[in-house]
């Protein structure tokens, strides 16, 4: 399907169109942060705190209020989108990729390669993810890319498990066997027949993974092994100020909304994409 | 069947060995000196060296790990650097509350997830469906700390429906378990929804209706048992994620469980406790997966154990 | 009002109590708990820093200033009913000194003759400690030491009964037996500890309260909420930063809050061995660059800006010392002079619990103002300590959350480990790696002044040592933090007891219930 | 039996359907799938609805049950049952009727039982729901009913799950379940399409027996005119949603009014009526099978139980020549499809299979790929064999793409040509997806795909079973025509003896994994020598009046052979007699 047609089809539903707009906006904001952010995200304004040192609620100068150091929350959210996109989309994407690869290989090739891969997955799964992430990040000096890598290394496991069982189910379906009798190679079966059937599952996990990875990054920051201050990320803005949620609700509300909105948008687009790409659903229900 | 369980137990032991090795290796590599921690800030270098030798920390890695394993086989998980107590004592004292909270939390997760998923499937493509699915998203996207605090303020402080934290009676477990349930149920409600939709289209549902069964009977006796099958392995997959949330929720609600122990140990780099708790949760995860795998053939007679 | 005996109270903490073994316990949570369960030869007047006799009835100092002879109170019983004797004193000191005990306070006993042999593991006995009779014990030092009586007031010098220690072995910390005002009657791990009044306590009338239940595992925010409801009497963890303003600004809560000074300084260490911080001008520039008032504001005014290492309540604090002014212009000029007109890049280590990373970010911004790009490394406490203790790792460390709260109210305690050469070793606490042998010698000289009439002179000398050190600018002293305790309305007793400078955080022996 | 079969025309009808219409979709997309359907059904009467696939038969039945899919609307019409309009009844009321007054047997026995519930429990549910009996009485009632449908060892069966039963047994369970409350009306939607003739005969017999016993009115839906002739009192012939003709059975077969009915009847293949064809001289053997064995490993029953395997194909040999069609017939589960799958190298097998003189055992990589071009298979279940996410153009072009034949444009035109050949010339066919076709159309798509590479041999596994007779005839013509054009060889698997007779040159009869009889069409069908072959032929319903099957033939239970043996078990080899040249008959041992 040509890309423009795809987009047009996706936009038939208002919610999906809105979601696309949200995603594109967030990406643009992240990329254009230096130009669109009203303030320097790291500037601790003297007038950004009350005389007692309390953050300011949304006002004219600071549209979404200030944080605990008197920095402009809006600007931090805009810059934070960069980090959060890297974590939520790139790191999560890598995790999904690894998980899919491992799951598909284990489920499709079976044999001892499959057995080894699945035992490895079981091993990783028995590991409390948080601990693994903390230890890895503590050993490898934290930086955004390391954190992204760590998250990817931790998060692929569940995906691999799910994809594995799905792969086995699909690989045992008749049309795959039939495909072999037509002379198709394993690679062709894999890419042309198996993967498209895995797509819905992959999409669900990919979109659900966005918010969880963003939050995992924040947990890591909280434990001192995440993205280092003052670099903002949506997650660490929340975690920095989570105990203030009664006295400065805007500090957790806005970044929280941002995360949910982004994740939800990806999810809606993902669902619509799945429906669009899965012709077997057309005219059903 | 017994053969299968034996084989699975064999795997489980291998997995636990792997977990212990990796944990030990990772913590060995973390830059923090336990001997220093124990010796205190006024200690001389000799004292530190002395303590290091006492703990066997001057040995090469493989030997340390070997010692750890030998002790482990004798049920000795070492002593906490901070609490100066047997790690096994610490864990034993906290395992019961954690199991309680986990049992309730997972039950709520399932009950909430399954019923919302069912509702969404029955009302699919309506506003209710969309609302529930968005809600499930908000659930899995919520940081546990804030959600717990919010529930605590709302239901315990303002409405006074629940006690403000604590442990002991049923009323204490309710709010933390509900929090865990609500936040974790999103995964389940999505799965249940899609498998319900699948099952609702099956021929045997029509057969059931043709028998004159009531809607409720069809739903609970025919649709649900079949729709739940793909959810069972999910419990095994989810348990690791669940434990992550448990850590935070326990801290907020003052629940005297392993989660708090783990959190404090992580913050204070109390390595023996971290290794111990990791091992315990690995055991929990392995058992949960085993149970899930054993449950699937029970729920679905078509599936044979040793085929998987 | 007169103290009223009776009553049961609830105190909450977030973390479980680590240990109640006096030779081991060394955090602000168990510090005063141990003081309530155990006694040492010396103690402090409640709510003050005045050293007084405790289990010792009197002491004598030999003329060479090296031997203290303590006369013990008679008839003091351990919780197990046995009378405390001089042999217990010897046993207790030797136990702490013994490396097998793994006591973090063993180093305090290094002035005692024979400590080195014990520390090396050659012998179990401290040669300097002699039991003269059941109620007399003599302690000989290697040199006169003005801080020694303070050391005898430390928890590490608490008197423990040998038979109980041997019975419980390594678990003595969970089954403490002492002579103190309270005894431990129940400890359910992860849930609560119950202290009950020791009816046979040797100080008549004390303690007032019948029992204290320490509920652990309580999130501080929730604890405060319960305190508002009257379910809890003391929130042991104090006020979390997020709740501070709310408490301070609402009259109904304000009356529940007690403020006190503590012997604490928050400082930024500048590693004098890592370039370009090895350049004095750079360090001075940094001292001038940081806006301490703003930092104090960020933590809602819960501290006062500091200009020297010693806190104001410490003897030797120099009121007239002005320190480095906040002057970014001059700081920049100094940097240019030092050849770093364009600034440089460095790292700032900080512990990762609120508000420390925020304070570090405030400093980071101030440093950036004069061109220094400090990358923040926010880590778990143990990792920061490890980095600080390695000579080439941490150029700057913000000490918040781990900072030096004096073990005893004497300036000497602020020097050796954190600014003296003895701390500038791998794994030491002198994270500035500042070693000035001249000043160290001056310190030794001051500590040798043991006579009563020399104390003023000694304090002045110490004051000079610290201000001299500031000329080398190994630190940026940032602020002296205050302490805030919240207690329920029914709690009574002098406010100073709730922010006791020695019985940190609360002196449980003397507070009472209305 | 015949005593109750008298049509009581004067009796008040039990069900009368008047001017029923069913629509899908809204506004301009609105599609009327049933239009103006009317009929009546009285006690003890059997009404057959016949007609081509997709003509609205199943939907009409569902409308009576009140089980139409949500999307369907009934714009007009009434369905009177005991003088009450079912369409306006509340759901509660309908629930009380369903299962009790009106029972239904569904088209698909394989998927119509709840896979996670024991047979007994599924039946018990109905008993409980309609308060027929309680406790032990209920159990007894169920066993009685299972006995009535001739399910042996009913006590064990109630504890089994559906997947543990064969298709025939499942269909019988379905019937037993529908009959539990002795409903006044039994709706049977193609109850035997999926079954082989012997079981079909038994089941039809069963329905008749139950009908006579309980006086049930039966609404039987089928496209098999043989079944119609066998069962019906009255017939409704439907085509594309409209009724072509409603008449007495006698009139339909002797003097039909509607042209469509005539066409339908004309297309019905009748056993024994195929024109005698000259036996052509065949070319080279293209396929040689020697001592083929296929065994499926089974699950152990316990820790120490011996490993077991299911014997699917045991020691069969045959040869297929160029331009020849070999038919394989036999009851369900006798190993027909497995034989085909072995030829396609889809299962592990023992013995020798030579295709165009190449031994295919262990063939790999390029050699295997090359060999794939010579032999293709049309699979039994066309829906399962098609990737649901590919459109028809992609599916049919797939083999061309795999083997790199032609340019995209050439491939496109080849696909178009193939689809036209199998009778799917519509322009939009190529862009639709498998689920948008009826079962029969899907089967044709599979045939088109198998033809794409111009293979020398085609294994056709029940290629016409889901087709209604007119389309079936069309497809058979196509197969014959292709054979003449390209000298194709077919291995034709079917349970429809008439179709086999029409198409095949030679016929093999399989039973329990073995070939019992093999020979030319005439030899096997006109002169069957093996008892099993004879029984098989006797069970074929004849699409003509007054040719009802002899009850004796049908009620006899097929002897069952336990095919599950310990691993590596050696079975006694079978011996063959040769009554005539080329005609081999197994000798009973």
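For reference, chains read A, B, C and D in written order, and residue numbers begin at 1 within each chain.
The definition used in the following text is that a residue touches a chain if its C-beta (ideal position, glycine included) is under 8 Å from a C-beta of that chain, and two chains touch if they have at least 3 such contacts.
Composition by chain, UniProt nomenclature: A = Peptide ABC transporter permease; B = Glutathione ABC transporter permease; D = ABC-type dipeptide transporter.
These figures come from a predicted structure and were not determined experimentally.
Undergrad: Which chain has the mean of its C-alpha atoms lying nearest to the mean of all protein C-alpha atoms shown?
TA: The most central chain here turns out to be B.
Undergrad: Count the touching C-beta pairs: is A-B or A-C ahead?
TA: Looking at A-B and A-C side by side, A-B shows more C-beta contacts.
Undergrad: Determine the centre-to-centre distance between subunit A and subunit B, using the mean Cα coordinates as centres, and give it in whole Å.
TA: 22
Undergrad: Once you find the CA centre of subunit A and the CA centre of subunit C, what distance in Å lies between them?
TA: So the centroids are 45 Å from each other.
Undergrad: Could you tell me the distance, in whole angstrom, between the mean C-alpha positions of subunit A and subunit D?
TA: Between these chains, centre-to-centre, one finds 49 Å.
Undergrad: Could you say which residues in subunit C touch two or more other chains, in rising order?
TA: Each of 221, 380, 383 in subunit C touches at least two other chains.
Undergrad: Which residue numbers or ranges of subunit A touch two or more of the other chains?
TA: 138, 223, 246, 284
Undergrad: Show the residues in subunit D shared as contacts by 2 or more other chains, in ascending order.
TA: none
Undergrad: Would you pull the subunit B residues touching subunit D in the complex into a rising list?
TA: Touch residues, subunit B against subunit D: 1-3, 202-204, 206-215, 217, 221-222, 225-226, 229, 299-302, 304, 306-307.
Undergrad: For subunit A, which residues are in contact with subunit D within the complex?
TA: 173-175, 177-185, 188, 193, 196-197, 278-280, 282-284
Undergrad: Show me the residue ranges of subunit A that touch subunit C in the complex, using the header's touch definition.
TA: Residue positions touching the partner: 42-44, 46, 49, 51-54, 68-69, 138, 142, 221-225, 228-230, 240, 243-244, 246-247.
Undergrad: In their shared complex, at which residues does subunit C touch subunit B?
TA: Subunit C reaches subunit B through residues 14-16, 18-19, 21, 24, 26, 99-100, 102-108, 110, 119-121, 170-171, 173-174, 188-191, 215-219, 221-222, 225-226, 229, 231, 353, 380-383, 385-387, 389, 416-417, 422, 425-427, 429.
Undergrad: Over in the complex, which subunit C residues touch subunit A? Could you list them?
TA: The touching residues are 221, 240-243, 245-246, 248-249, 294, 297-301, 351-352, 354-355, 357-358, 360-362, 364-365, 375-380, 383.
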